Amino acid sequence: MNLLQQYCETRRVTEGLCRPLEIEDYGLQCMDDVSPPKWHLAHTTWFFETFVLRPELPAYRIFHSRFHELFNSYYLTAGAPLSRSRRGRLSRPTVAEIYAYRRHVDEAMRTLLGDDPQAVSPQAAGVVELGIHHEQQHQELLLMDIKYNFWCNPLRPTYLEPRSASADHSVTVSAPGWVGFASGIREIGDRGERFAFDNEKPRHLQHLESYSLADRPVTCGEFLEFIEAGGYGRPELWLSDGWDAVSRLGWNAPLYWELEGGEWRQYTLREGMRRMDEAEPVCHISYFEADAFARWSGKRLPTEGEWETAANSVVKEEGDVMVGANFLESGELHPRSLNRASGGAASRPGLQKLFGDVWEWTQSAYSAYPGYSPLQGTLGEYNGKFMNNNLVLRGGACVTPGSHLRVSYRNFYRPDSRWHFSGVRLCRNGKNE
Amino acid sequence: MNLLQQYCETRRVTEGLCRPLEIEDYGLQCMDDVSPPKWHLAHTTWFFETFVLRPELPAYRIFHSRFHELFNSYYLTAGAPLSRSRRGRLSRPTVAEIYAYRRHVDEAMRTLLGDDPQAVSPQAAGVVELGIHHEQQHQELLLMDIKYNFWCNPLRPTYLEPRSASADHSVTVSAPGWVGFASGIREIGDRGERFAFDNEKPRHLQHLESYSLADRPVTCGEFLEFIEAGGYGRPELWLSDGWDAVSRLGWNAPLYWELEGGEWRQYTLREGMRRMDEAEPVCHISYFEADAFARWSGKRLPTEGEWETAANSVVKEEGDVMVGANFLESGELHPRSLNRASGGAASRPGLQKLFGDVWEWTQSAYSAYPGYSPLQGTLGEYNGKFMNNNLVLRGGACVTPGSHLRVSYRNFYRPDSRWHFSGVRLCRNGKNE
Amino acid sequence: MNLLQQYCETRRVTEGLCRPLEIEDYGLQCMDDVSPPKWHLAHTTWFFETFVLRPELPAYRIFHSRFHELFNSYYLTAGAPLSRSRRGRLSRPTVAEIYAYRRHVDEAMRTLLGDDPQAVSPQAAGVVELGIHHEQQHQELLLMDIKYNFWCNPLRPTYLEPRSASADHSVTVSAPGWVGFASGIREIGDRGERFAFDNEKPRHLQHLESYSLADRPVTCGEFLEFIEAGGYGRPELWLSDGWDAVSRLGWNAPLYWELEGGEWRQYTLREGMRRMDEAEPVCHISYFEADAFARWSGKRLPTEGEWETAANSVVKEEGDVMVGANFLESGELHPRSLNRASGGAASRPGLQKLFGDVWEWTQSAYSAYPGYSPLQGTLGEYNGKFMNNNLVLRGGACVTPGSHLRVSYRNFYRPDSRWHFSGVRLCRNGKNE
Amino acid sequence: MNLLQQYCETRRVTEGLCRPLEIEDYGLQCMDDVSPPKWHLAHTTWFFETFVLRPELPAYRIFHSRFHELFNSYYLTAGAPLSRSRRGRLSRPTVAEIYAYRRHVDEAMRTLLGDDPQAVSPQAAGVVELGIHHEQQHQELLLMDIKYNFWCNPLRPTYLEPRSASADHSVTVSAPGWVGFASGIREIGDRGERFAFDNEKPRHLQHLESYSLADRPVTCGEFLEFIEAGGYGRPELWLSDGWDAVSRLGWNAPLYWELEGGEWRQYTLREGMRRMDEAEPVCHISYFEADAFARWSGKRLPTEGEWETAANSVVKEEGDVMVGANFLESGELHPRSLNRASGGAASRPGLQKLFGDVWEWTQSAYSAYPGYSPLQGTLGEYNGKFMNNNLVLRGGACVTPGSHLRVSYRNFYRPDSRWHFSGVRLCRNGKNE
């Protein structure tokens, strides 16, 4: 696909994700971390307008003089944006006007990119590519946010009709195996094969001690054992801030889990509230919960270097990450049970579900790689300014576009946040399998 | 009008107020005190369903089993309502479903009330009448809330097209005159001529010292003098809590006023932001501001007994309150300038604008009249449970249905709240005019 | 006693109240409403320095140039005071320095007042008298604050050694009788016999309907019945804000009550934690609790006019209020059980314990009497600026100096505050006894 | 020194730090992060009582049954401690009682350790050593907390009398030089020469790219340039959370700096408020400020591996760190100006002031070293549970006991905290000097 085709395809997918929504759903913001769907549609458009069309297309006519202020997210050097917590206050512009804004920008982008691939400078093409990946990030956010918003409604509406038969709850999952890795100097970071964010660069060396990684993520059934062993009530299992969060927020299970008549149920995008499936990877847990679970298990979380080294061992070409994996493209929108057959590199016996299904928390603080330099200008705010109090997650989830993922991809969240599709894979010292 | 006609007319007016809204506007809740328009439409309907149809119409079929929980406001004895601050989280039921709910209840009400006026017990008729007045209260709330929600949007949309020519800013208003009242025993409270809320009863005696009331409300121009005299910066003019509010909230003018290039502008429902008119009654001020202004003027606020005694002197029959007054029915949705001609009892030279235009703060805490008894059962929560930290306002405003108002009508708000259409009329001790 | 003697006596009493304290206790401030004992000692002294010595004694030398800022309470027109919540941050000046400050001011006061009673202007004498009553208010606050501070310490130290034998828990108290009062015009407010605060003035007329007042306050035993009947869990018994307070603060009993092994215990100044005595007047309840209890009892709280009219019926001269009553002077520092013999006007069979023991909540909002005018100048901030969201309490408590009390005395607190010694006496409509 | 001597010496130093305090100062807690001096005295004692005497000395008699609850800091597995923010509420036990507690425990420790060094198990000796280092940490905290508490008092008392002549403000400091380090595998972590905390272990390999470190910390004068260049007003210089902190807390200079009549002044322990000395290392800045300053300078903060590698290049034996350095032992209690002569390894021309004066922020998140395992049992809570949202600081400060410091020592604080003596040393990529 050329750049215009990629652009159009990405824009098409975003709008497809909004198709099941009622107009009323487009404006919802049920917590500060969440943005209304309408805002995602507009903000991703504003990105192309601001960073591509205004500098690159002289004939471009701004769609609306105030959208700059409304749909800027956090680029403070580009002007004072609307405070994040107020995004849900915008009943106007209407949904129809937002779609008109998208049409207007799409048309201009087609003008810019269409005629002659050579007409666009490499730098401009780079920003377009960045904008495409930016919009893919918002595709995932759209689904995360819709799930959270809908769950807040006591009626618990479903986003889409269920697709497949319900889980087979009779099967049990056997204990995880361990895949060992020797100590030594390893290379991590951007492989240079395709687009990568600034925070994945530069590729660099890291010394690792020997370690072993579980061959699959932790399941809901295993996490239930932690709950039933009183894990949420034992301070010695938790980081100090984690214990504060448990006490303050009253956590007693992952987000979206609810105990109803002695049975654990969970909220899903396709089936609303339904029985929890013990064979699924546990999902929607905070770093604190992942860390406490690991401590309770006598294990630990991997570092991102360990995770990436393991991933490098199974992925020959970047395209491998998608083979057989449960990404957004599968349309399932929920982690796939370990009982369901799957194939391909991502699920080879050695390291199942390394990609897709759930993001895996690492113990690595999100910080700059040695030699890191942020993008120039306003886009320099893209990644670097979040480098404190975030932990790295790896591997993508069932709501991540597979074409967006890479081995070196670094996602990051606060240790107490849970509305992303996050799970955990255990690690331990030493290579003895 | 018989009861059914009154019912239908009230329902029609409510929906008319929503006609200018986009679907996106129906779900907005920009502060906790505000409810989304959709919620007002549903809650007033829930009132009839819960307190009339369920007990009175055996064949009545509940529209939706969960609406009880979603659209109950604060009747705790009727079950745990959705927390007030979460009303804006309900994208579902959709606007169309809410209107269907209204149709469903309207039809049942027509069945109940229609055939034979005698078929309904006096007690049931009383609850229907209460429900009608309840819905009229929500008509005013709808406009208050829409105004606040729209003002929060940086685009400052207007609710309706402007109707009349802009104000004539060249005219000045002369100083207020004073109308004197002798000391003695006065009767205040429900006159018994028409429907009244429990909190207006029983009619009772009160001893008043002699006093004089200004013959018109304070104008924007007069309030501007207070601002320019540094009124917002002089603690000795304020109640202790008022000074806290000024400091904490950064007040420096009434709500909806903004200084732009040296000119004061204000947000209005029909014209959006427009130049402030000095001849208009000042509006959207808190009790604290009304009280500070009065102290700065060397005057005071009237008690509600004083206000009502004055009103009794001009209103022979309750119907008089509407004559010539600027209520919701006028469609102006903003206080009318003192320069504009007006007639009728409510604006007789002696006491102009006693009714309509702006609610007038009194210095009276909202509390029970001697011998007060609340309604029976769940409806007992209607008024009595708010009898602390609220102050009484009298006379109705330009967004109050005139047919809803009475001489004895007691409105009440927190001393720091400002989104209602509240103004101030001065009072002083002694009868010497 | 002449003015100097009164001054010296008041100062002596204040310091006597601090005698049982350790130096470490003088700086404690365990909630914002509470002030450290040291601060009370200094602030009452600052009052005389600021409002008497500086204007009246030309030779007076300021003790410390910064004390003005540290020990001003809330007289904003006298300069920016230290924020209330920071009073506990002042380890310096030390306790010894504060006592030196008192000595310094006492000496100057002796110079001013001593030689010749005529030497002081009537206005200055009035301010000294105000200062004496101000210091008496702080004597009560000292004990309230010490009790609260000590109770916050897990060790629960006692303030003084116990004095009397423990309560006789075997006796039961019979149901209250009712004393009826006819309707009519009554006079309330300052009788003009002795000093009174501005807020008790002017004496004025009030029309009352007939009513009956309980002949004694509600007991702990009766309040326990309310608790055991689930009173703290029934929203229909509470004002809306009261129910919020119950939910937010987790109230399930009066302040200082604790359930220990099935037995209710309460914290007292003289005995620390000890068994609750059912025959004592219930104490340390908020307005919300008093109001909910009254509603549960099918009764109501009296208005302050009703209370004062009843008090006028038993008090011929102001001095009567102290006869046989349990005020600070008794040194008991806790409400006296109804089982213990007592005599005098205040405990005549008709209306027991109207004065002393516990302050009695009225349903009257604290507001200006008709014709009220505050003191001139900075002292005008003394009373008037608290006239919103406070309710009036009457009659004084076991920590109030009896010489400070009057029939017309108006105490006031927020409806959710409980650290004062507040109880409740029931009232009902109609005179039938 | 044998263990008992070390114990006694440490206890003596702690009490010496409290000697200048008034009894009133011992109970102060002016923010949640701060503990009252009294509490430090008791808590360090509780540590020996709980972890040494109770398990090791059978005859030991607990001093007070409730002290366990009062003076436990955060060892949740040792029972529910008093909430941190309430430490300032304890007027009792008195200061005298706390000192008696110290005497009691000291005597028992003398019994335990005194007679025969062999009598104590190596494990017990390890815990005693831990307790000594724990108390040394609290020596630094004592001074940090006293400084903060005193600064909160508008009178700004000084802790000790000034010792030396005031700074010579006429000298200027020349630009820093750069010391280069080649890339390669380096060893960091506990050298095994003396006591070390669990978080410094195990010693392990790290791959470093080449880098250069400034030969001295940033000065107040340099930081002033940042201020004057508008650094606190330029969002692009700040981490996202840092910008939030600047906006929310109104930062415009380091903690303890105040602009007075156009001159910057700063609060110090020995001289109270005094003129800021541009030649001193800047102190009391947050991570966010250190990071923003580095970005503005076109440099970056070092990682802790880079810092330690540099330190390893100058420190042959651990004892070297103290030579000529400004630690607690110097008694200056303030960073020493760069203009003042100093000698020794720590201030060799290459890398001045690497130890002592100010803690130096690194860009490294505080996390576990590869192979880290926490202490066993309750002491496992000592370090590990704070491994999120803290950044590592290195090198010790003028209030750190020099005997407590090591090359591998890892201090850590939240990125927004400033009451520790923290400064910044710049780093840059590449070895070219």
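When the chains are written out, they are named A, B, C and D in that same order, and each has its own residue count from 1.
We adopt the following convention: contacts are C-beta pairs under 8 Å (C-beta built on N, C-alpha and C of every residue); 3 or more make two chains touch, one makes a residue touch a chain.
Predicted model only: the values in this text are computed from it and were never measured.
Visitor: Name the chain whose C-alpha centroid is farthest from the C-alpha centroid of chain C.
Guide: Here the answer is chain A, farthest from chain C.
Visitor: Starting from the mean Cα coordinates of chain A and chain C, work out the distance between those two points in Å.
Guide: Using C-alpha averages as centres, the distance is 60 Å.
Visitor: Measure off the straight-line distance from the CA centroid of chain B to the CA centroid of chain C, and report it in whole Å.
Guide: 38
Visitor: Suppose each chain is reduced to the average of its Cα coordinates; what separation in Å results between chain C and chain D?
Guide: Distance between chain centres: 48 Å.
Visitor: List, in ascending order, every residue of chain D touching at least 2 other chains.
Guide: Residues of chain D never touch two or more of the other chains.
Visitor: Chains as vertices, touching pairs as edges: which of line, ring, star, complete or other describes this one?
Guide: ring
Visitor: Considering every pair of chains, which are in touch?
Guide: Going through each pair of chains, those in contact are A-B, A-D, B-C, C-D.
Visitor: Any idea which chain D residues touch chain C in the complex?
Guide: 22-28, 30, 66, 69-70, 82, 86, 88-95, 149, 152-155, 157
Visitor: Within their complex, state which residues of chain D touch chain A.
Guide: 74, 76-77, 185, 204-209, 235-236, 238-243, 287, 300, 303, 363-365, 367-368, 370-371, 380-381, 385-389, 391, 415, 429
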